[in-house]
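Okay, so chain A shows up in both of these, paired with chain B first and chain C after.
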Partner chain A sequence: MSEPYLRIRNLTVDYGGTAALQDVSLQLAKGGRLALIGESGSGKSTLAMAIAGLLPRRARSGGTIEFPALPRQPSLGKDIGVLFQDPSGSLDPVMTIGDQIAEVVMTHRGLSWISARLMAAELLDRVHIPKPLSRLNSYPHEFSGGQKQRIALAAALAGNPSLLIADEPTSALDTVVQRHIVNLLDELVRDNGLTLLFVTHDIALASERADTIGVLYKGKLVECGPTAGVLGEPEHAYTKALIATHISLDMPRRKRLAEINADGLQ
Partner chain B sequence: MMQRASPILEVRNLAKRFGDHGAAGLRNVDFSVSNGETLAVVGASGSGKTTLARLVMRLLPPEAGSIHFRGQDITALRGEGLRRLRPHFQMVFQDPLAAFNPRASVRRVLEDPLRLHGLAAKAEYDTVIGATLERVGLSADLITRLPLELSGGQRQRVAIARAILTKPDLIVLDEPVSALDVSVRAQILNLLLDLQEETGVAYLFISHDLAVVRAFADRMIVMEEGRITETGMTEQVLANPQSNATRILIAAVPRL
Partner chain C sequence: MPPFVSFFLRRLLGALPVLIVVLVGSFLLLEAASGDAVDSYVARSGAMDAEQMAQLRQEWGLDQGPLHRFRAYASALAQGDLGWSTAFERPVGSVIAERLPVTLLLMGIATALAFFLGSLLGVLAGARPGSFRDRFLSITSLALYAVPGFWLGLVLIVIFAVDLRWLPIGGIETVASGKSGLARIGDIAAHLVLPVASLAMVYMALYLRLMRDRMGEIWRDPFVRALEARGLSRRRIVWRHVARNAVLPVVTMLGLQAAAMLGGSVVVESVFAIPGFGRLAAEAVARRDTPLLLGVILCSAVTVIIANLLVDLAYGKLDPRVRAGR
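Up next, the complex of A and B:
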């Protein structure tokens, strides 16, 4: 088997006393699409941020994160692009979107300012922002939530990264816009041969979009494997409970919704 | 099945315009909610769901049309008359953090409705609040906490406690679970279902998530660009959608 793109061994992260991640090991193949699922506080975002090199300073970590496919330690923006949940939080409100994207292009691709601005328009076109050249001088607040997330995606891709990390990229959006954004993610990941890691609490979304699913529960990676296997034959009680909470549109309505009973899980 | 029961809320030809060209807003919105019923209002962002919720709550004035609550026309009701009716229709917002004064403890948040509507003697406040907190699945010890010291699910429970303190006939739920993760979402919806069974409260449930609507609502209306494009029993609408807007919403639901 060829070298994986990403290899994590015995990763442990704690934020001063409380362990956020315990002994996590996993591998991700080049071009693979990994979904990390789990509830709030499960450690899924911590794992994603540890890979991005974006842990807060107070975090202490042990174990190793390696990128065997890269010739050097990855640099954020150039090798790894990150897309966050809240696009308003990742875009600078007082800088035009053209400048924000061009800045990344100039820094990581070494282009002149004018070429970088043209490249920014090209990137905006790739995320389907209409009339991109005329929008370069617009500010983030002039766009809807879904458009802002597309612009943030253009900025994340501006350094031409080989890994895209998306941390709950659609949790703040409605289901219709969510569908557009994940379709776009799919398209860009395939067209550019990117490796994708995305964090979600929605197991159905993970099942549609990932070839590998990792389930985090209380800081531990309790299950990780091919999507069909994790869904078809879940091993861990939490994974089973998560699958049971899924509401399908064609299931008859029940009196109550399935809950996850924390006492029944270890 | 509950169609023929007396409506708690009746909305007739409601309209609201925003901006100059009048493109955004609501047009000809017509529906009713019966006693003890859950009516879902679904639609994509910008379809007018939240505007509708605000009009029903009398937080925004409509341009045309009327709103009847328990048979009374409240469209133009103001001042003391509106204030007297307020305890009977309550609202729970999407983001409970934004719905609370960040410096007010849970006690202060829940004292307000008791004081404003004279629902209990001052000496009984803590007892009433404690009992209500327990009713929504929280420990009475949380009474001294600030909103920031609560989890998202706990905050939404406090918001529900605030809404039920006045024993309302109708609660407008504006995306009450879309900011919560899956396990907490089910707990909150089950709490709302239990409260409805106990008290017969009716819900106007605003949501963009058809899976949740499927599990929670008796009937639904689908909105697009400020108009109702489809209405019916939830199961029938989902099994046999008639409008394009509904089909787009159905197609957007992730499938396992």
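Up next, the complex of A and C:
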């Protein structure tokens, strides 16, 4: 097997006494799509932020995170793009979207202001914002939630990163818009040869779009492997329970909302 | 007509009822106080018999009832006539035209200085909340804010005018110096240094603290983490994003401070013996000069209204969300 893109060994993170991640090790191949699933507080977002290097200052971490495929330590924006859950919280409310994307382009690609603005329009076009040139001088409040998330995606990709980390990128959006964003992510990852790591609590989404799934439970990576294997033949009791809670319309009504009993696991 | 000109006119027209209320209220308050301009005149000039006093009252129109006098004042005002000052024995308009520019100059420079230096230092303090620089600037500004303006003025006079003799003690320019042009401007500037410094230093502390606290809040806003995730330099995040967002409430405060600055100028003008608008108001009250005081109040109200209008216009420029709502 060739060198992985990302290799994590024995990663431990704690927030002042409470352990958020314990002894997590995983590998991600170049061009791979890893979905991290788990319930709230399972540590899936912490893992994503640890990889991005965006942990809060009070967090203490141990273990190693390596990027063997990169010639240097990865830098945010240039090598790693991050997309957050809340589209309104991803953009500066008093700066035009053109400027916000162009400043990332200028920082990482060393282009002049005018070329950076043109590049911003191009990026907006890639995330399917209609009439991108005329929207460069619009402010974030002039767009809908889904459009804001597309603009945030354009800004995340403006430095031409090789890894995109998306932390529940669709959780704050309605179902139809979710689908649009997911399709867009798919398209961009394919066209640009990006490696994708996304955090979600939507198993259906993970099974559809990821080639690898990591299941987190109480700060531990209880299962990690190819999507079909993890979802088809789950080894860990928590994964089985998680799959059982997934609501599907062809499931008998009374079984739809099963609760996970934490005591029966491990 | 450009949209902002019509906006300007509409706002001024909307302020008209406020001006009327201010005028009627001030007039009633003055009427309710005991004594009148003639009593004040007698108290200053010494002896005057009852007949002379009655004659003076008739001359100044004080023998008429308050309703009649207010009507006369209002109808003259409608034609742009501010009336006759009994204290200065000159038209009110010319007295105000002489005094207002002095105070506007003093206040304008002091406010601009306080705002720019204050928010600049506020950005330096707020760039890293909790750092040594932040704590040093915050504590210094608090100490400065706790100092009364007049005391600061007196201390500055003792140091720079009395001991070091670098700057003049008081006044707005050297009396009968015969200077003109650039020399006169330089002379006025030298006279303004100390009063501007004592006014600006106190208010600077206010802007510094406001800017710093607001920056502390903006740092916790999720969009800042998104900017960090895009790999922007810290300098760019501080100046172009955090400071830019934090300046909005500081600009609002600028409008509110315009009124407080007018009030504060009374004290500083007294300390530095500057013939300004604040001292004119004090004199008008002491001399029971109703037309002069009403004129002063009217001009202050208009000044404050215009200052707030300018602030609103600036705010619309700074915050795109407000512009959309207009």
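The rule is simple: the second predicted complex is superposed on the first by the 263 of 266 C-alpha atoms of A that agree within 3 Å, B and C clash if a C-alpha of one lies under 4 Å from a C-alpha of the other, contacts with A are read in each partner's own complex, and residues count from 1 in each chain.
Keep this in mind: a contact is a pair of C-beta atoms (placed from the backbone, for glycine too) under 8 Å apart; a residue touches a chain by one contact, two chains touch by 3 or more.
Bear in mind the structure is a predicted one, so any value in this text is a computation, not a measurement.
By the touch criterion defined above, A:D202 lies against chain B but remains apart from chain C after alignment on the C-alpha atoms of chain A. Once chain A of one complex is fitted onto chain A of the other, the partner contacts of A:R57 are absent, as it touches neither chain B nor chain C. In the superposed model, A:S75 makes contact with chain C only, not with chain B. Residue contacts after overlaying the shared chain place A:V176 against chain B, while chain C stays out of touching range. In the superposition on chain A, contact is made by A:S90 with chain C only, not with chain B. Once the two complexes are overlaid on the shared chain, A:V104 sits against chain C while remaining clear of chain B. Counting the residues of chain A that each partner touches, chain B and chain C differ, and the larger count belongs to B. Against chain A, the residues of chain B that register as touching in their complex are 44-46, 151-152, 181-187, 189-190, 193, 208-212, 214-216, 234-235, 238-239, 248-256. Per the touch definition, chain A reaches chain C in the complex via residues 52, 54, 75-78, 81-82, 84, 86, 89-95, 103-104, 107-108, 139, 141-142, 152, 155-156, 158-159.
Contact residues on chain C toward chain A in their complex (touch as defined above): 221-223, 225-233, 236, 240-241, 244-245, 248, 318-321, 324.
Those residues of chain A whose C-beta lies close enough to touch chain B in the complex are 39-40, 144-146, 173-179, 201-205, 207-208, 231, 241-243, 245-251, 253-260.
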